[in-house]
């Protein structure tokens, strides 16, 4: 490798350290690899950054989560320990607020990432497994959110979890059994917190890490997909930039923007802690699950009103399953731009899903 | 990890934007020395910027992590402890109490005068206890024995005596203070 | 209190001003900075013979004209509208002092708006030299509007001792120039000019991002890089001006920031400090992001990145303006008038200096209100004479409550309480939304509400609330009525 590619070529001691590490780790090879690797450059490249932004928020989650673990105590003391973190430990409010806000921003970024991948048709061959691992990551992210929401055991968390478990609970036959298993009993209590805690800090991180590893490996293997509009151009007209350092530095710029957004939300709108959950008090009005479960919640509620009893429940769960199934098999249906009718259908399905998600969510918030 | 690449399209073009991106600072600069100065200024800028962010993130995290340490330090800075219940102790008994962060022992002797010591055995850190029948302070871990009047090590492995606290009677209120 | 109260549910009237004002600041500062950008860019293009720039600049000036001439102008009027409704007393005070200043400013506005239109519509129609001259006329006029409005904005934070000495006497306008060139005038002017220059670069990046990098790579590279350079002066000079500004802010105002620094660990009283920190962080980050996202790869710089940079600029501007506004707490005119229009400095009435606070405490806050009928006011007076002063203190209320059950307050008491709430609280608080009273008072029973209101009424030297809330004024019976009103709103 020529000398100019090592970042520390000017100052002798630093160069020595670099050479020492390079000899043993092959750093220059990695840099050369990164320089050779390219990322397409076109009108829609901005959407490429949402995968990176999702990962940035995930890293924030890992860091702040570990910090919260230092003072958080699951079980009967859960609320008290979160109260201590929020009001007693210095900057505990900041760490907790960062964890909560970043969780929400991560879910949002993952959704944007998913839909941008969908509309750029980046799930087509050979990237089907990227799509499926991505769906898996979305699922794990949502369970992360659901389990984490209960951990403070304040009033909202308690009732939102109670209400939220109605979604799996409404599945006929196995539903109530599954919900009981998730709660560790017929009601949300200390057992539930302990279970959700284990799920949140042990099981989900392992699953997420494994899925993320595969997902990133696939991205590396197949490179970034280009949207059909770009694919239509002759190869000579397509532009690209090197992954290292150009794309990475742009990624860094987007991370800085994300960090600033997070800092504003975290410090100017600190995440609140409600009063301690008390199973004996009636639920406050307008209890609902977090926004990313709102569409499912609302759909169940509406179908339950229209078709009372088991019919509505089966219908709701059936619709979910059907939607999820279509969403998962879309790479097998919409396979190439040559099949124009299928490609158009795929895009329309995406628009319908996105529209339904937004309408149901907004509707849900309007009626609570 | 495989190093093969499948994203061939466009890589022929990739050289051009890389050049414009990798050396953005050279285009306006005339001489070599000017470029070096600008590189140094750039490095300084990046350093200050990075340090700013590291500080903005690191400081709250440090304070978060060290809160219990600071709480303990301020508790350890306690110079005296008031023990209202001590006035009603039976003669010939002892009571354990916290002196800041340290466990301490207060003994009311038969002649009704008080002595107080740090209750951590100087040998390996077990908590000592008062034995009125033997008129001694005893550590059950390795059999260390201390004098209940002076705190001196009398027998067993302890290398030195217990830390002695001063006991004052302020208008019927027992106050234990550092010597 | 004899003005109507602008009741904006959820948002609160203050936040409406803030939203309009931040929007306006983003555009109005661009109007000034862009006034420099356009003729400088045009002169540069003419000198270097860059015809492609002369194609780009009309597009940018169209964007500029629409943004400043329509959205800037309309939001500016929006500020007048909202401040007149939300803080009529303060607006009146400003007009009485600065009516002449505003008259001059409007002259410059007229010049500014017409020259902007002339500048856009005469591209390629008059000689380049004359066109450039129109650009400079615009630049001068728009800078002058900032020079003038800055005096009035800075005045609200630091009216200066010369003006405060005559405040409330009716002679305030005699100190026009001292009030105008008040302690924070110059640092504030420099800070704002720097912001203008930065925003000129940021907004130019928005139009620059729309140039097709594949068709005009050279133009795009040049426009984007030249625009990013507009962010550099602020990056280096802003910290200095910021320190200068802080140095000119009086000790009493800075106490709020100091309180914030002392309590930021537990996060209790640190809203202002946090806002200042966000403002510093976002301002410092803009240049880095602009360099990484725009300067390094201008060809790939699309609208998405431009919006990300615009977002950072909005965050920095919004946080800075918000911090400046909050730094003024608890006043709307520093050391003279509290946020809820209560005057701190004595007012001369019939040749006699009277403190509004003492007057309201002894005669009653609602004694002259036109929002009650004569009969109501008479009834309240009689009721107060009968009950006498009875501001029960902390321990009393606890023991008293257990023995005799509280009688439910009558409709009149609640009405008085509501008038107190509207007059003294609603300038900053809402019942359910921004700074929600229901949330702030949550978990407090009548005794506890009484205690916190008592603390605000007392306004003792060592009260942490003194730094950012006005004293609560009124007779004991009036404050008791407010307690009853809040208790019913919060706990029923």
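In this document, chain identifiers A, B and C correspond to the written order of the chains, with residue numbering beginning at 1 in each.
In this section, contacts are C-beta pairs under 8 Å (C-beta built on N, C-alpha and C of every residue); 3 or more make two chains touch, one makes a residue touch a chain.
Keep in mind that this is a model prediction, so the values were computed, not measured.
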| item | value |
| --- | --- |
| Chain hops separating subunit C from subunit A, counting only touching neighbours | 1 |
| B-C or A-B - the one linked by more C-beta pairs in contact | A-B |
| Subunit A and subunit B, separation of their C-alpha mean positions in angstrom | 38 |
| Cα-centroid distance, subunit B relative to subunit C, in whole angstrom | 44 |
| Contacts with 2+ other chains: residues of subunit C | 265, 277, 281, 288, 296-297, 299-300 |
| Numbers and ranges of subunit B residues touching at least 2 other chains | 17, 21, 63 |
| Shared interface positions of subunit A, touching two or more other chains | 41, 88, 90-91, 94, 239, 241, 246 |
| Subunit B-touching residues of subunit C, taken from the complex the two chains share | 221, 225, 265, 277, 281, 284, 288, 295-300 |
| Subunit A residues touching subunit C - in the complex, by the definition given at the top | 41, 43, 45-47, 87-88, 90-91, 93-94, 237, 239, 241, 246, 249-250, 252-254, 256-257, 260-261, 263-264, 267-268, 270, 275 |
| Residues of subunit B defined as touching subunit C within the complex | 17, 20-21, 24, 49, 52, 56, 63 |
| Subunit A to subunit B touching residues, read off their complex | 33, 35-38, 40-41, 67, 70, 88-92, 94-95, 220-224, 226, 235-236, 238-242, 245-246 |
| Residues on subunit C engaged by subunit A in the complex (per definition of touch) | 214, 264-267, 271, 274-275, 277-278, 281-282, 285, 288-289, 292-293, 296-297, 299-300, 302-305, 308, 311-312, 315, 319, 443 |
